[in-house]
Amino acid sequence: MPHIDVELERLREKLLEMWDLVDYQLTSGRDAMMNADHELSQRIIKLERKVNSFDIKIDRMCENFFALFTPVAVDLRAVLAILKINTNLERIGDTAEGMARFVCKLDRPFDPELVELTKVLVMYDEALAMFRECRTAFVKDDPKHAKQIIKMDKALNKIYRKSDVVIAKYLQANPDRIPEGLALLSIIKKLERVGDQVTNMAEEIIFYREAKVVKHRRKKKKKE
Amino acid sequence: MTNSEKNRLKDKAFQVFGVFCTFIGLVVLAIFLIDIVIEGVARIDWDFLTSLPSRRAARAGILTAWAGTLWILVLSAIIAFPLGIAAGIYLEEYAKKTKLSNFLEINIANLAGVPSIIYGLLGLELFVRIMNLGGILLAGALTLSLLILPIVIVTTREAIKAVPRTIRDGSFALGASKWQTVWHQVLPASFGGILTGVILALSRAVGEAAPLIVIGALAYVPFVPRSPMDEFTVLPIQIFNWTSRPQAAFLTNAAAAIIILLLITFLLNGIAVYLRHRQQKKIKW
Amino acid sequence: MRVQEKIIEGLLWLSAAITILITVSIIWVLLSESVKFFSEVSIVRFLTEKEWTPLFAEKKFGIMPLVAGTFLTTVIAIAVALPIGLTIAIYLNEYAHARFKTFIKPLLEVLATIPTVVYGFFALTVVTPFLQSFIPGLAGFNALSAGIVMGIMIIPMISSLSEDAISAVPRSLREAAYGMGSTRLQTAFGVMVPAASSGILVSVILAISRAVGETMIVAIAAGQQPRLTLNPLVPIETITTYIVQVSLGDVPHGSLEYRTIFAAGMTLFVFTFLLNNLSFWIKKKYQEKYD
Amino acid sequence: MTKKYSKLEAINLDAYYGDFHALKGINIAMEEKAVTAFIGPSGCGKSTFLRTFNRMNDYIDGFRIEGQILLDGRDIYEKDIRVDELRKEVGMVFQKPNPFPKSIYENVVYGLKIQGIKDKKILQEACETSLQQAAIWDEVKDKLDKSALALSGGQQQRLCIARALAIQPSVILMDEPASALDPISSAKIEELIYDLKKDYTIVIVTHNMQQAGRVSDHTAFFYMGELVEYAKTKTMFTSPKDTRTQNYITGRFG
C-alpha cells in the first residue's frame, strides 16, 4: 500500500476510535437519562476530556498530513472531511456532556407521561441511529447512505418543533414539574443539535466521495 | 535594380559558387579515381598480386609490397596501441590539472603536427643507426608507431571523454577502485570509439611512404619478409618507385598498385565509419 | 590491491611520458647532427648562399632554394585550398540543409584519407599534362601542379576546421544579423567570418604547416632541382624532397651529405613547430574569448 | 525516551573547494534505519555534504575537509580507512539513473564481482534478492541478460538502487534520486525508499520539498554552506524555528 494510504488509514482509524468514544457517551447518556443515573453521567462528563484530547490529536495529525503529503484531489477532500468530522464529533461529545450535566441535576427519572408526550425517546433513538449510520457510511465510504442520513434529520426536526408546545401544555397541567420540563426541553434542543451535526458529517462524507457540496442547499430550496 | 535585389542576386550567386566548391574537390577526386581505374584495373590479376618485383614492368608484381604493408600494419598496431591507449587513459582519467599534464597535452598536439618525414629522420638515427637495426621491418614499424601514437592518444581521449561522468561515479560508489572503474566500465564503454580512432590511425600508417624511405626501406626487395628483422618494402614506396620511372608500363603498374592501396585505405576507413555509426546507435546516454 | 593500483598508474604515466621522450629525441637527433653540420658549414653560409648543391663536386649549402621551393608549393596549395575550403565551410553552415551536411562531410573527409603518394601520381600523370595543354611553358616537373593537388588534399582540413569555428559563433549573433534584414551572404561575411576569424586563421595555419611538411606529392611531381625562384612553371625542390632524394641515394653515415638532411630537417621542424604553436596560441586566446 | 542510535555523525565539519568554503561547521547526527532528508537551495552544500559520507569528493581537485565524519562512531577520513571498503558500507544512488551499458544482471552483480566474488550461485542469488528489494524483480526477471539501457528511466533508477543494495551496505546515500524522473516513476522511488528504511539508514538530498515531507523522518535545511535547522520532518514542515527555513519551505525565498 502506498505510504500516503497508510498514513490516511491511520488517520481514519484514529477518527473511528474517537467516533466510538462519542458513541459510548451518547448511548450511555440515554440510559443515564432514563434512570437518572448520576454516576453514569459523571463518567460521561469525565470522558469529555478524553474526547478533547482526541480532537487535538486528530487536528495535529491532519496538520502533519497536509504539511508532509501535500494531498490533492480525493486525498485532499478526505483529510478536509476528517478534519471537519473531527470538529463535529467533538461538538457531539460536548452535547452529550451537556445532557449528562442536566441528568446530574435530576433527583428522579423523567415522568413517563412527559417522555411519552414529547417523544424524546423516539428522538434520542433516531439521533443515535443517525449517528451510527453515519459511522457506517464513513467506514464504507458510501455517499448514498450518507444522503439517507440527511433525510433522517427531518424526523428529529419535526419532534423538536412540536416539543415546546407539548412541554408548555404539560407544564401548565403540572406546574410543580417545571425544572424537570425545562431540563427535558434543553435535552431535546441538544438532540436536535446532534442531528444537525450528524447531518454536517454526512455532508462531509458526500463531499469527500463525490466532490459535491450539499450543505446549505436545502435552505436555498426552502427559500424558493 | 534596387540595392536589395542586388544583394539577393549576390546571395544566390554565392550559393551556386558554394555548391561548385563543395563538389569541385569531389569531382576532381572522381576524375582521378576513374583515370586510375581505367589505367590500372586491367593490370590487376593474380600474377600481379603474387609476383615478386622485377626490372621488367610486365613481369613485376606487388607481393613483397603488400606483404610488407601488412607486416607494418600489424607491427605498428602491436607497438602503438597499448602505448597510445595507456597514455590516453592516463591523461584523461589519472592526470591532475598540473603544469606537467598541461605540458604533456601541448607536447602531444605538437607531435601530431610534426611532418612525417621528421619521424623518418628520428627513426633513421634512433632505430637504424643507434640501435643498429638497419632498414628492417621492426625499425619501420617502430617509426610509424611513433608517428601514429599522437593520433591514437588523441582519439582514445576523445572516446573516453564521451563516457559520462555518472558512469564513473556509479562504479566508484560501488567500491570500485580507479583501475577497476577504467577496466570494467570506461574502456568497454569507449571501446568502439577507441577502435575507430585506432583504425583511422592505421589507415594513416598504410599510406605513409616518406618516413620509411628515410629509414632506408628499399624499393627492390626480392623476397617476402618472414620476420620483423627482414628488409622490406611497402605499397606506397613501390608506387613511388614505379611512378619515378620514365617507362609508361611502370606507370600502369603504379596505377594498379594504387588501386590496391586505395582499397586497403578505404576498407580501413569504411570499417572505422561503420564502427562509429554502430557505436552511436548502440549507446545513447 | 593498493600496490597494484599504484603500479598500473605508474605504467600508464610512463606511456604518457614516452611522448615527451619522443619530442626530446626528435630535437636531440636533429640538433646533434645539425650541430656537427654547422661546425663544418657556417650558419651564415647556410642562410645566405643562393645555391644548394651538397651532392655535387662543388658543394654549396644555401638553404634558401629549398625554402623557396617549399614556400612556392605551399602558397599555391593555400591559394587553392583557402577560397574553396572557406566557401565550403560557409556554404555548409549558412546555406546547406542539415541532411546534405551530414552526407557531404564524410565524403570530403575522403580527400584527406587518400595516401599522399597517390596524390603525387595524380599530379604527375593527370594534372601536369592537363595544365600543359594550355600553359605551353610548363615543365614536366613543376611547382604548380604539385601545389594545386596539395591544395585539393588540404581542402577538408580548412573546410572542417573553419566550419567548426563558424558554427561555434553564438547563435544570437547570427540571429541578430538576420533580424536586421541581412542576406545569408551578408551575414556570413559581415558577421560570421569576422567572428570566427581566429578559428579560421587556426585552420589556415595548420594547413600551411601540413603543406610545408608534405613530402610525397612534391617528391613525385615538383622535381628535384633546387633553385631560388618563384616561377611555378619550372622544376624546383622542397626541403622534404631533398631529404627523400638523399635517402634514396647511398650516402654514407657520418658524411657531410648525410648531415645535410638533418640540417634541412631541423629547418623544417622549426617552421612547423612555430606554425603549430602559433595556432595553439591563437586557439587558446580565442577559446577564452567565448567562454 | 531513549536516545536512538546515531549511525552517521558529522562533527565540526568544514569543507573547501580550493578557496571556496563549501560547508561551515556542520554538526549533525543521523538516526539508524530512518530517512534523513537534506534540503536547501542550489549550491547550499547539501550534495557536497552527502558526498563526504562515501568520500566521493576525494577525486575532486582542491577539495579538502576539516572535522570528522563518523560512521558507527568511526572517523571515515582516518588514514587507515580504505575507501573501497567504506563504499561497500555506504551505497549511493545518483540524480540521473546511471546504469552501466551492460546487461541488467551484470549491473547488479558488478559491485560483487569487483570484490572478487566469482561463484555463479552467490551472484545469481544476490541479483534476485536485490532486484526484489528494489521492487523491480517482476519487471525484469525475464530479461536479465538484456541491456540495462533498454529500461525506462524509472526502471533504470530502481535498477541502480538494486545495484547499490547488492553489496549489502548499511547506509544508502541518494542524491536527488527522483528528480530526473516522471511523477509516476518518482512516486515508485519514494515508495521504495519508504520500504527500504526498515533495513537501511537512508540519507537523501532533494530539491522537492514535498518529497522530503513524504519520505523523510528528519530534515536538515542547508543554506550557504551552513546547517540552518535540523529537526523531525513533521516539526520542520509545520513549525520551523528559523525564518530562513520558513521562507524556503514556503517558497518565499528572497
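Going by the order they are written in, the chains are A, B, C and D; count residues from 1 in each one.
One rule holds in what follows: a residue touches a chain if its C-beta (ideal position, glycine included) is under 8 Å from a C-beta of that chain, and two chains touch if they have at least 3 such contacts.
Please read these numbers as outputs of a predicted model, since none were measured by experiment.
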| item | value |
| --- | --- |
| Chains contacting each of subunit B and subunit D, listed by label | none |
| Mutual neighbours - chains that touch subunit B and subunit C alike | none |
| Chain at the geometric heart of the assembly (C-alpha centres) | D |
| Centroid comparison with subunit A (C-alpha atoms), farthest chain | C |
| Pair of chains joined by the greatest number of C-beta pairs in contact | B-C |
| Distance between the centres, which are taken as Cα means, of subunit B and subunit A, whole angstrom | 91 |
| Geometric centre distance via CA averages, subunit D-subunit C, whole Å | 54 |
| Separation of mean Cα positions, subunit C and subunit A [Å, integer] | 97 |
| Between subunit A and subunit D, centroid-to-centroid distance (C-alpha), Å | 49 |
| Touching two or more other chains - residues of subunit D | 84 |
| Residues of subunit B whose C-beta touches two or more other chains | 177 |
| Touch-based graph of the chains, sorted into line, ring, star, complete or other | line |
| Every chain pair meeting the contact rule | A-D, B-C, B-D |
| Residues on subunit C engaged by subunit B in the complex (per definition of touch) | 1, 4-5, 8-9, 11-13, 15-20, 22-23, 25-26, 29-30, 33, 83-84, 87-88, 90-92, 95-96, 104, 106-108, 110-111, 113-118, 120-122, 124-126, 152, 155-156, 183-186, 188, 206, 209, 212-216, 219-220, 240, 243-244, 247-248, 253, 261-262, 265, 268-269, 272-273, 275-277, 280 |
| Contact set on subunit D toward subunit A in their complex | 187, 190-191, 194, 210, 213-215, 233-234, 237-238 |
| Residue numbers on subunit A that touch subunit D, as the complex places them | 2-4, 63-64, 67-70 |
| Of all residues in subunit B, those that touch subunit C in their complex | 7-8, 10-11, 14-15, 17-19, 21-22, 24-26, 28-29, 31-32, 35-36, 39, 82-84, 86-87, 89-91, 94-95, 103-104, 106-111, 113-122, 124-126, 129, 146, 149-150, 153, 177-179, 203-204, 206-210, 213-216, 236, 239-240, 243-244, 251, 254-255, 258, 261-262, 265-266, 269, 273 |
| Touching residues (chain side subunit D, partner subunit B) in the complex | 54, 56, 59, 61, 83-88, 91-92, 94, 96, 98-102, 110-111, 113-115, 149, 160, 163-164, 167 |
